[in-house]
Amino acid sequence: MDELKVFTGNAHPALANEITQYLDTPLGQCEVFQFSNENIFVRILDNVRERDTFIVQPLCSPVSQNLVELLIMIDALKRASAGRITAVIPYYGYGRTDKKDQPRVPITARLVADLLTVAGANRVLTIDLHAAQIQGFFNIPIDELTALYLLSRYFEEKSLNKDLVVVATDIGISKRARDLAALLSAPLAIIEKRRFGNRDQAEMLNVIGEVDKKIALTVDDEIDTAGSLVGVISALEERGVKEIYACCTHPILSGQAAQRIASCNVKEVVVTNTVPITEDKKISKITVLSIAPLVGEAIHRIHTGQSVGALFTQDINRSVQATFEI
Amino acid sequence: MDELKVFTGNAHPALANEITQYLDTPLGQCEVFQFSNENIFVRILDNVRERDTFIVQPLCSPVSQNLVELLIMIDALKRASAGRITAVIPYYGYGRTDKKDQPRVPITARLVADLLTVAGANRVLTIDLHAAQIQGFFNIPIDELTALYLLSRYFEEKSLNKDLVVVATDIGISKRARDLAALLSAPLAIIEKRRFGNRDQAEMLNVIGEVDKKIALTVDDEIDTAGSLVGVISALEERGVKEIYACCTHPILSGQAAQRIASCNVKEVVVTNTVPITEDKKISKITVLSIAPLVGEAIHRIHTGQSVGALFTQDINRSVQATFEI
Amino acid sequence: MDELKVFTGNAHPALANEITQYLDTPLGQCEVFQFSNENIFVRILDNVRERDTFIVQPLCSPVSQNLVELLIMIDALKRASAGRITAVIPYYGYGRTDKKDQPRVPITARLVADLLTVAGANRVLTIDLHAAQIQGFFNIPIDELTALYLLSRYFEEKSLNKDLVVVATDIGISKRARDLAALLSAPLAIIEKRRFGNRDQAEMLNVIGEVDKKIALTVDDEIDTAGSLVGVISALEERGVKEIYACCTHPILSGQAAQRIASCNVKEVVVTNTVPITEDKKISKITVLSIAPLVGEAIHRIHTGQSVGALFTQDINRSVQATFEI
Amino acid sequence: MDELKVFTGNAHPALANEITQYLDTPLGQCEVFQFSNENIFVRILDNVRERDTFIVQPLCSPVSQNLVELLIMIDALKRASAGRITAVIPYYGYGRTDKKDQPRVPITARLVADLLTVAGANRVLTIDLHAAQIQGFFNIPIDELTALYLLSRYFEEKSLNKDLVVVATDIGISKRARDLAALLSAPLAIIEKRRFGNRDQAEMLNVIGEVDKKIALTVDDEIDTAGSLVGVISALEERGVKEIYACCTHPILSGQAAQRIASCNVKEVVVTNTVPITEDKKISKITVLSIAPLVGEAIHRIHTGQSVGALFTQDINRSVQATFEI
Amino acid sequence: MDELKVFTGNAHPALANEITQYLDTPLGQCEVFQFSNENIFVRILDNVRERDTFIVQPLCSPVSQNLVELLIMIDALKRASAGRITAVIPYYGYGRTDKKDQPRVPITARLVADLLTVAGANRVLTIDLHAAQIQGFFNIPIDELTALYLLSRYFEEKSLNKDLVVVATDIGISKRARDLAALLSAPLAIIEKRRFGNRDQAEMLNVIGEVDKKIALTVDDEIDTAGSLVGVISALEERGVKEIYACCTHPILSGQAAQRIASCNVKEVVVTNTVPITEDKKISKITVLSIAPLVGEAIHRIHTGQSVGALFTQDINRSVQATFEI
Amino acid sequence: MDELKVFTGNAHPALANEITQYLDTPLGQCEVFQFSNENIFVRILDNVRERDTFIVQPLCSPVSQNLVELLIMIDALKRASAGRITAVIPYYGYGRTDKKDQPRVPITARLVADLLTVAGANRVLTIDLHAAQIQGFFNIPIDELTALYLLSRYFEEKSLNKDLVVVATDIGISKRARDLAALLSAPLAIIEKRRFGNRDQAEMLNVIGEVDKKIALTVDDEIDTAGSLVGVISALEERGVKEIYACCTHPILSGQAAQRIASCNVKEVVVTNTVPITEDKKISKITVLSIAPLVGEAIHRIHTGQSVGALFTQDINRSVQATFEI
């Protein structure tokens, strides 16, 4: 268990590289590819007996592919007698299916936890789950990091504070929005979607809280199609907001998301690199902050038995970032 | 599995009796008592081989006692070859410890799920969990009912709608408050607690949303010491609210709760009987609605293989209540 | 458990339809789709409490997608209190990764068995596994059917017997080829691939057994790219074979498979519909036999507690087919 | 795993302190308290990643509370990535419910073993189980120590040997009584309770063996209400015993136990501190021997991989005690 | 689950036949044999899908063989989709290895429970375990019957009562001996073995209780080599006993047991047929009572969901026997 | 975990001794014996807390005895707090029962894997499984070594290559035969058994491939009664083979095997010592190669965290053997 080995699947090798760079260790050697019949195959090239191994693999697009790839990599490490296997999942997909809010639906976020465990993962490291309760879906230890300090520091440096209001784009995200508001000493507003009339699709966005003449900073855990974001922005504009920034941890940006962001009235969208952003989505309005130092530091602490909880304070977060910038 | 048997521990026999009355079946015979050394002992007196058994036991005060009693009853039924064991837990205690929001704390809501499962429960029936995600802490089927229709119907009949605003007493409850607001076609406001200054204890209650000159109906999943409720009420009064009602599913009412409610400026507090309310807490301001018909109907549907999901519509809920009132 | 419900994912609805037609029961109602972020979502529309449920889903292309879809459907049925869940997997993908034949590789066929079990499957029904030992990867009951009787009957009717030789296209398939040869009272030949020289890629195909002036019928469990098949055919031609037929259970036909078959010297390729064959692959040389009656009959027997083992005799197989043709 | 951390719940902090004093290590920092709704909350304050952790918590009064507290502490340590968690349970409550000796009763001693295991305990250290077979209720390693050497040494030093007879207060304890008799080279007598007549409650105590004109030393694993002890003493007196001592490992002393002991004809009752004895029960007739050195030495040996079995010899036991007295 | 199927391994087919005769059902058809390489093979010939199956197999000589045979039969039934599998184990071997009474020994009685469970047994039916706590080694339901009523009735009919004393042949069996004594309204005496001097082997038998001029009935759970029995008998003779009977449930009778019984001073040894008694051991002093009606009745009650606990009363036991004798 | 301890049961102590000699470590001290009632008892005499332990025990005759002994030894080590337990099973019995090839039969090879796992084995080390897929029956890490290099080297040194043909004695062994043929650069032939006519027992051996005037080397994983071998030899002779050698890994040699080999027309039978060969079977035609160095080296690598996969190359194998010969 003295030696640390970090492997990557095909989901986000760039992030794995940044992490191993932070850790000053070479990326573990392995082959992860598909046969012509689409069967994923994995071959670990390094000896991993009794080693402390980590696999970096966000559950981003192609989601099923990346999930199955991760499970197979875990199985390969387990059967290769790895000493400990930590699944590093910067973006935990399926987080939104975390409860039965209608009859006869799955709880896929729990299913994924069970799949990871039965495959042989010994621990999980992740960032900004859709709901913190997903931690409880696991019985193996899980460390959930947050990009909130990273994002708040970025906006602190912009010195927008005086007029700033943090806006939860949905009731569901209001708790995390409150945390960001507290970090920025800004008030909070919340967007509530409500269906009305007898047409099922008619939906109204209520803005709860004061936003008139303010600079709004919307926050969400992920931006998917950016459809909601565009709706929120126009609701805020109608309510007299003078400038709008948006931020989130996970930039899924599926479908027309980048175009929508480009053409709507948001000034800047600040995200992290928990998932890869393809070249065509790298538009000027989108700023990407790297979470590699945070993840790298957490891996280092897990490997050496130091407190990961200590990372949840502004000061250490700041120094983690500083270290990496040099 | 043709025969249905409902048992009760010592947590809330009155509710169990109401439920068996709804089901028109006698309560199962068993002894559940403590020896002088405080060891809980259970003896099932009815033959339960291959029977479909249910144990009614909310995790209310004395909490540890009631939890251990429930686990032992499950073990007794399992070893007595019961065909199926459903733990009916109208109030799922420990629901607030559902995530690690600080380092090195337990996730007790998950632990309780595992304890129930390892003891031998085959399914769970519960009402208004603190967070719906707790469903995912179980891998055995769980049916979560809601008292929201019961509560909304009660207020509908009061015809307060025009000036009504539903108020979430905390960010964490805002989703359920929104659901109640939607049922009552009322707008939503949210109370945000925030610590400020460098004194750790100083806390400010922000009211997000418009409440001036309105009739406020606060909603929470449970009322414990009523301390927060009192704070919320005074914050609402400062913001010009003209009348205040409160409602919740689980009336824990620990410590000085009843006195606080009696002396503060709330007009009525509407609760259900998921947990027992001792005589000294039955003050005139507190209205108790019975969830026995809802639970009884759910047990009936589970036993006969009918859809429980169908209970999540106003109409069936209404008829369930109607049936029982006759 | 009196009522039977057959559901289908998106892998092969046509087969599920044929099966329910055989069973004379409507297909179970459910929605299985993807959100914009690629998260698969499932909603079972029929009440399935205590019902005997079956999900038809071969692990064909898109493999990862279909596997994850199947797992989520199982989870949905489990949480919806289905009485029993049988995963009907006509083609069990990942069958070729059934052992560690080199260091640090996974045993994905076992992993998939564990994933199905942890998701909540109670039994599995499948056809012609790559290795029969994969049965032992499960601890839940598994019924493995075979298409061999279907295929042998087809060739029996062609009356090629006198000059026929059955050819295993690989050492690994020789056991099943022997079974087909025995059913057709034909001799057996086996193709052995061997690498030689010090160039890693140089490969020689040895034909073991007598094939000169014979009609060869090659057999394999699946045809993937048809690359091996083409090689085998040319090796057989060099050895004086006068006519070549091919058969397999699972027509994967990835990449250029259909074109290769069209242009090579095989007279006919007989397959079953365990996996869907897209229109562009339906070339005249490929004959597709339906396994729906066989699967349907097995589901019927599982549901009614009759012997499935009895299906492993020519006579019942014949009558199963007959029943359906009418 | 190099570092040892001993934590205590609220059951018996005094014992935990004595143990850490023996080990010359500070007690681990943690908070274990109840919210107003009686929910127990635990916060481990020391970093425990990869540490070798021990929790000292006898299952004494309040029993349910202490059990649930222990389970939650284990969960907290598990989720805090402790390297190994040993539950140190000097008194294993519920030991008397270790079999079904009547229909439809639980086997709570097994249930507790399962609860500890599912919560995440990796091993258990305990003292004088009600039945040694309870070891087999666990599949995690369990070390059972005995206070018998401690008790026998105490009586050896009194030099009562010549006239001494060891008396099992019940058939069930006769094996352990025999062990004590052997250590003291004294003969054995056994008390048999028998119901007679057709009145269910009439009970007669038979003294099997010779006790006339002897000094009797009664032995039991625990003294609860002291009701049986009082009965045994009067039965022995009737049979001509001249002086009576009593001993046990676990002084539960519930209800009127201390008063009963004070007023009955026993000369001295020797017990250990596996459970706390409240001030009002510390009467002059009761002598308390400390098991802290024994437990401390066992923890030391578990931590350093030395044999714990070696503790089961008089000599090492003697030196363990000697070490601590200095 | 409507149909009952009773199978037998090779351990005790005669008992299985008596049981099926009581149940008026044919014995299930299966082959259980050994290949030349000693691998045991099992083939169930009857269709058992969804049937309620029972396997009769005591763990008698050859013990390992019979245990492995039982495990393989369970696996065969599980994989053949049996609805429920009850292992009927009239004699549960390895019962004496039920605790660690010295360092680094196994707890084989627990191991066997786990082996049965992992193989797929759903329940266990057994008779007179060496220690009742072994019930708690299982988490599947277990019914433990007792032959005590059968034995006590036999001696009741001999009308020896007036002078009778029941003698536990060892401290460990004293509880069961007390139960027999109570059934026969006789007093109890107990034999205590004790080593003395510094020679390890020197052992003295103390008789605790009064036996002079009495008729002694010794009781044990099993008689193995009869070595202890012979020792006990001579100790009782020295103490003036006038006549000696012996009884036990399980007549293991290994080695010279039958000869020893024949030549020692015991009048009659009464046993049951939980294990087979070979012809050479059927000496006139040994009386064998059949437990087949008791086991048959228990199987009938398990199958039909009636109380098995009711069998633990003299009256029903009597009628069970009566039924069969006709 | 620094210290390595190798224990042996009664199956093959000679091999265990050779292995510890290779490892230059004394054999672990333990007692493994049977009581008069055939109950196997184990007592580990060395302290094994946190040690890295290995048990050498092939599943050879007496098979059930050796299996149960192995399981009990694992349980003893687990309960004695061993750090890691590796079951070293040079011959994995029951390998031929690895699938259901007829209705209602067990998959005993999987059952054995589950028994080992539930008993507490952490890993398995074995040699030449009957089917490589048996690896997938385990979820604990398993290392499968092969004796193929050892055997091929032996025949290489005989320089028979030019006329050599490797013959698979059965379709089922054809893959391993191909591997041996490749190592020896020899062609391959395969024996196919086929039943014909309507007499069930009539069986014909077809030789597929060219063998006329060649030196045949037959290969199988085990030789049991040698009945098949004799049949194969006479079939080869009929086809004009001039000289016949045989080899296998596991020399079971049950019944008349040695006599059959002595009297048939095979020149030499080369085997390894994975199972013991009793003196009466040590005939001059049988050559035994030791696998102790291979197993010893694998244990060394497992213990020190080196690659075991590296052993699967001719060169290291060669040096392993060389080391030991000195």
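Letters are used for the chains, namely A, B, C, D, E and F, taken in the order the chains are written, and counting of residues starts over at 1 for each.
The criterion applied here is as follows: a residue touches a chain if its C-beta (ideal position, glycine included) is under 8 Å from a C-beta of that chain, and two chains touch if they have at least 3 such contacts.
The model shown is predicted, which means the values in this text are computed figures rather than measured ones.
Common neighbours of subunit B and subunit F under the contact rule above are A, C, D, E. Rotating subunit A by 120 degrees superposes its CA atoms on those of subunit F, with the angle stated to the nearest 5.
Averaging C-alpha coordinates per chain and comparing to subunit A, the farthest chain turns out to be E.
In summary, the pair subunit B and subunit E forms a contact in which the copies contribute largely different residue numbers, shared numbers making up under half of all those used. Subunit B and subunit D have Cα centroids separated by 39 Å.
One simple way to say how far apart two chains are is to compare their mean CA positions; for subunit C and subunit E this gives 51 Å.
Put simply, the C-alpha centre of subunit C and that of subunit F have 33 angstrom between them. With touch defined as above, residues shared between interfaces to two or more other chains in subunit D number as follows: 47, 79-80, 100, 102-104, 107, 110, 114, 139, 307-309. In terms of which chains touch, the assembly is arranged in some other way, matching none of the line, ring, star or all-to-all patterns.
Contact annotation for chain pairs lists A-B, A-C, A-D, A-F, B-C, B-D, B-E, C-E, C-F, D-E, D-F, E-F, with touch applied as defined.
Those residues of subunit C whose C-beta lies close enough to touch subunit A in the complex are 35-45, 47-48, 61-65, 67-69, 71-73, 75-77, 79-80, 93-94, 96-97, 100, 102-108, 110-111, 114-115, 117-119, 222, 224-225, 252, 254-255. Residue ranges of subunit D in contact with subunit E, taken from their complex: 98-104, 107, 109-110, 114, 131-137, 139, 144, 171-172, 174-175, 178, 182, 187-190, 192, 194-195, 206, 208-209, 307-310, 312.
Contact residues of subunit F toward subunit D in the complex are 47, 49-51, 78-81, 120. The touching residues of subunit A, when paired with subunit D in their complex, are 123, 139, 141-142, 301-302, 305-309.
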